Amino acid sequence: MRGQRRLPLEQIIGRIDRRLVYAGLFLITLAPLVGRWALPLYVTPPPKMLADTINALPQDKLVFISSNWDAGTQAENRPQMTVLVRHLIRRRLKFASISIGAPNAPQLANAAIEQAIQLEKVPWVYGQDWVNLGYKLATEPWLRSFVRQIPEAVKEDWKGTPVDQIPVMRGVQKFGPDGQASMLIDITGSATIDGWYRYLSPTGVKLGLGCTAVMAPEQYPFLDSGQLSGLLTGMKGAAEYEQIIGAQGFGTTAMAGQSFAHLYILILIILGNLSLVLGWLERRRRRR
Amino acid sequence: MWTLTGFKFILAIVGAVAGAVLLLAILHQASHQVKRTLTIALTFIGGLFYFLEFFIPPDPKTEEAVLFGWSLTQAAEVVGNATLVIGGFTFLLGVFSLVHIHGNNVRRRRPGWSYSLAFFAAFLVMTVFAFWKDWQTWFGGPAAPAWVNDQNLAHAAMPQDVYTLLFEGLVRNLDATMFSILAFYIVSAAYRAFRIRSGEAAVLMVVALVLMMGQVPLGMALTNWIPSDGPWSGLRIESLSQYVLTAINAPVQRAIGFGLGLGALAMAMRIWLSLERGTYFGQEV
Amino acid sequence: MTSPFSFGGAVIWLGALATLALYSVLYRENPIYRFAEHIFLGLATAMGLYMTWKTVLYPTWYKELVAGHWAWILTLVAGGMYYTIYSKRLVWMSRLVMMTMMGLSAGLGFRGFFGTYMKQIGASFKPLVVMQHTAAGGVDVGGSVFASFTNILFLATMVCVMTYFFFSFEQKNRPIRRTASAGRWLMMIAFGAMFGSTVMARLSLFIGRLTFLFQDWIHLIRS
Amino acid sequence: MSDRLPDSHRPLVPSDRTRPAGPPDYVRVGMPSPPWWAVVIVLLLLAGAFFFGPHYYRTADYWKTFATGRTVVFVLSLVILVAILRARRGGRAFVRRIPGLTAIDEAVGRATEMGRPITFSLGLGGLDIITLQALAIALHVVRLAIRFGTRVILTTIDPTLYAVADEAVHEAYTAAGRPESFNRDDVRFLSDRQFAYASAMVGLMHREQVASNFMFGQFFAESLILAEAGNQVGAIQVAGTPTTTQIPFFVAACDYTIIGDEYYAATAYLTREPVLSGSLVGQDRAKMLLLAVILLGISLVTVLTLIGSPQSLQWVKDLAGLFTNAK
């Protein structure tokens, strides 16, 4: 009797239908996103460096966000963008978003920024406090002129309004110590940061980076050399940053999803091995 | 001599094509032995070019490798482009292959032939709109209407045209979805494969688990009681994963890489000197 | 739910339907997946054709030719020779151009080896004993031992794995056999590490899709 | 379906002993090749360039940044080439057992028994060395399959490679005396887009219910998509790729995985052709040489650390630099 009961158990946990496995993964990843669950996080140094850098920025200068992600890396880059903008708004730093990586990046950037403003519940007015400069084709000459003479390279915002009619851009000439822009944060799913290393690093302007998890290991040397003033690694980086500034958002819930999914895999692996052990015991019992 | 205009240009084009065709026609009459030798010689010359380009020391000032007054470095650029272009011309062969298979499906009403129709429809629509969109830039002529290629800057983020609809709506999402299916497959592969059937499988599993846990907060919580700046900090799960990656994964990859590099080098030499006989085209040329 | 009757909405709807259609293969291969697959194939082939012209043939061939560089027409002849695979009599022409191209890529093999592995040889020259100094100037014993151990582990791993990949003799000799089998175990550790460190990236992709479906399409996830 | 089986089928015992010694028939009728005069031409050209070349060839700086790297590549190539040419003159070399490769015969045999086709994916490479090696393995599988009348569906992502593969498979059928059995639709260009290719392969494997699936060549993220799809239809899977980062996924989802430069040893192991096994001997020697250089470098650097690197031994320190600074 007992043997009959044990045999199916071993079979059941050893050969769960893959569709059930998939459905489980689907639900377990989706639930934290919908329910906005959160788990505590441990903050690593690179995001902390970025937050400290932003906290030390002067109030009267503009921050540039180079928003170069599109739908493909949305899950990793969008929460980074949102939480960084929230931090900027809290510090009352005005900012401009510019895209060089993908033609439809400005639209996604706009959505992320508007979401951040909504979350902060602060009247942060387009044109007065921030601007979206749209997509620019970043050839080498363009990058050079952008760093030296911003109005030369950027003539209008993404809706075609001339830059000199936009209050927040008034008087903004260039990067560098005597310039009007204090920092550039690249949020990217592609290799756009290389261009900024080449042209922006020499000006001494602070450079921050939010990139996908796959790209992060290559960026650590730049963190060491001080070319980067902080780094957000994928979803995890966004979540840690949310923790630092105390603003729970998508990153935190997505990391909860990640955690649960990882735990789910762990449980599946344990079940698989359990069935192996049970089967082994069963065979040994029969042999006796 | 290499740049001509007007009538001379047309004459040169016609002449070059005619000359090449004539040469091929003459060669066509030649014996197998001649063709075979020619093929081997061309393979050798092709390889020799890049071999010399690599081994001839470049001038430290210009950084160009020069052989008997010829700049191999400059020539390499032309050869590279020509290879690219010749490769580009073969794309239609790929299209032929697909059209052949799906055309046969439709013609013979094989099971599932309606899907082949969907293939043709998608292929034609995308081809027409993609080329229509840029036709004017390439060849001049009337501009494509706005619904094909919307160049209004105000819409810069999302031009409202058919090409964008197909590309942003379908291609990009299909790509991303197929890529993300990996999440499911990595779970089912782990469930099925990570069983302690042998010592090796056990090692594989344990290390994979440690690395997985080292990435998420839930896993880090396991070892969070170890102070992060004491002598034991190396035992924290995230430090442990980092250590495995740098101290074991890196040398394994390097050692495998050396072998692979030498294997590729040997293969390159065998092809270059036509020693891989019978591998690709066995009997006759 | 996003309205499908605007341009942006239509893009999202198309994307959502395409996403669901491909995901249906997780249940099993079915007509919807098959339809999406064929649409995907058609679009991708067209994109390939378009990109080949736009990024290769137009700038490096057509523009050069129009600028009067007539010799580029010869590449058309060479490209055309590939098409003789469909003719029994002319097929030798295709082999001529194929073997030449193979020869060219073989020639690139030397630079390929050099570029990828040369620096790695130099980077493997790590000392087996490392001295680490404390800020005060003395020797940091613990740190030195640990760093030395790391280097030794690194080099031993490399030697073991390289030994595993000797093919031309029977590995009868006991030390060699032991080394090679250690190499195999170490490889398993490395493979486990590669597997484990990829999981998060793959799950991120899926979370990205979930956000697209449940945030951009049906607004189930509040932003 | 099964009526296509040859009567005597109980085939392909994958042990080394039952395999006939020497190369199979199809490699005997190969092309003549020009190695000796080729080597002479190359050496003459190089010697000419060096001895009659400009003055900068003889400066120390040039030797530091340029010559070391070239010398290393040249010596390694020469070691391999000498072994190949020696093997060509006769004698066949030993190749140790590679478990994943013996499985190739088994997988073809299984497809034959089940009367279902085989898929062979050439990966994401174009006409490069890696993919040419994959094609060589594919042709071995195709030749085996022709003997047993089993279908092999060969898929590629590159149109140029498609042309070469189509022609080579056609040739294999002709060489086996069955040109009429060649079905052009069995060599396929699927798409040149990574995930379109993957989706097509998934559909293909499901629809054809393949019995065996081979994956050789360059693979990236799609490796696991293909391998899991093959697993779902219950195919025997053999995979090999030089893209080491994808090996773990093949190990997890395939029955046999070819690791590292077993990939390049494959043709030698399968055909036992003298040139190929000679090449393997050469590769092993080159590997030993490399290992020796590395061990020498390690001991020098270690000694230097122990004695505290005095100024007079600066040149030893530069040795490592010769490799890392090579341009």
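All chains are identified by letter, namely A, B, C and D, in their written order; residue positions are counted from 1 within each chain.
In the analysis below, a residue touches a chain if its C-beta (ideal position, glycine included) is under 8 Å from a C-beta of that chain, and two chains touch if they have at least 3 such contacts.
The model shown is predicted, which means the values in this text are computed figures rather than measured ones.
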| item | value |
| --- | --- |
| Farthest-lying chain, centroid of Cα atoms versus that of subunit D | A |
| Selected interface, B-D versus A-C, where C-beta contact pairs are more numerous | B-D |
| Separation of subunit A from subunit C, taking each centre as the mean of its C-alpha atoms, in whole Å | 23 |
| Euclidean distance of C-alpha centroids - subunit C vs subunit D, Å | 17 |
| Interchain centroid distance [CA atoms averaged], subunit A/subunit B, Å | 29 |
| Multi-chain contact sites of subunit C, meaning residues that touch two or more partners | 15, 22, 25-26, 34, 36-37, 40-41, 43-45, 47-48, 82, 85, 95, 101-102, 105-106, 108-110, 112-114, 124, 155, 158-159, 161-162, 165, 187, 191-192, 194-195, 198-200, 203, 205-206, 208-209, 212 |
| Set of subunit A residues in contact with two or more other chains | 18, 22, 25, 71-72, 236, 258, 261-262, 265 |
| Touching two or more other chains - residue numbers and ranges from subunit B | 39-40, 44, 48, 51, 54-55, 87, 90-95, 98, 112, 158, 168, 172-176, 178-179, 181-184, 186, 188, 190, 192, 194, 204-205, 208-209, 212, 215-216, 253, 256-259, 262, 264-265, 267-269, 271, 280-281, 285 |
| Touch-based graph of the chains, sorted into line, ring, star, complete or other | other |
| Interfacial residue positions of subunit C with respect to subunit B in the complex | 7-8, 10-16, 18-19, 22-23, 25-26, 34-50, 52-54, 56-58, 60-62, 67-83, 85, 89-90, 92-93, 95-97, 99-114, 116-117, 120, 124, 142, 146, 150, 153-155, 157-162, 165, 183-200, 202-203, 205-206, 208-209, 212 |
| In the complex with subunit A, residue positions of subunit B that touch it | 153-154, 156-158, 168, 172-173, 175-176, 183-184, 187-188, 190-192, 194-197, 205, 209, 212-213, 215-221, 224 |
| Residue ranges of subunit D touching subunit C (in the complex, touch as defined) | 69-70, 72-73, 76-77, 93-96, 98, 127-129, 132, 160, 163-164, 166-167, 170, 190-193, 196, 199-200, 202-203, 206-207, 244-245, 247-249, 251-252, 259-262, 265, 268-269, 277, 280-281, 283-284, 287, 290-291, 293-295, 297-298, 300-302, 304-306, 319-326 |
| Sites on subunit D touched by subunit B in the complex | 26-35, 38, 41-42, 45-46, 49-50, 53-54, 56-57, 61-62, 66-67, 70, 73-74, 76-77, 80-81, 84, 88, 126-127, 129-130, 132-133, 135-136, 139, 158-160, 162-164, 166-168, 171-172, 174-175, 184-185, 187-190, 192-196, 198-199, 207, 221, 224-225, 227-228, 231, 242, 244-245, 248-249, 251-253, 259-261, 263-265, 267, 273, 275-276, 279-280, 282-283, 286-287, 290 |
| Residue ranges of subunit A in contact with subunit B within the complex | 16, 18, 21-22, 25, 39-42, 70-72, 103-107, 110, 134-135, 156, 158-160, 236, 239, 255, 258-266, 268-269, 271-273, 276 |
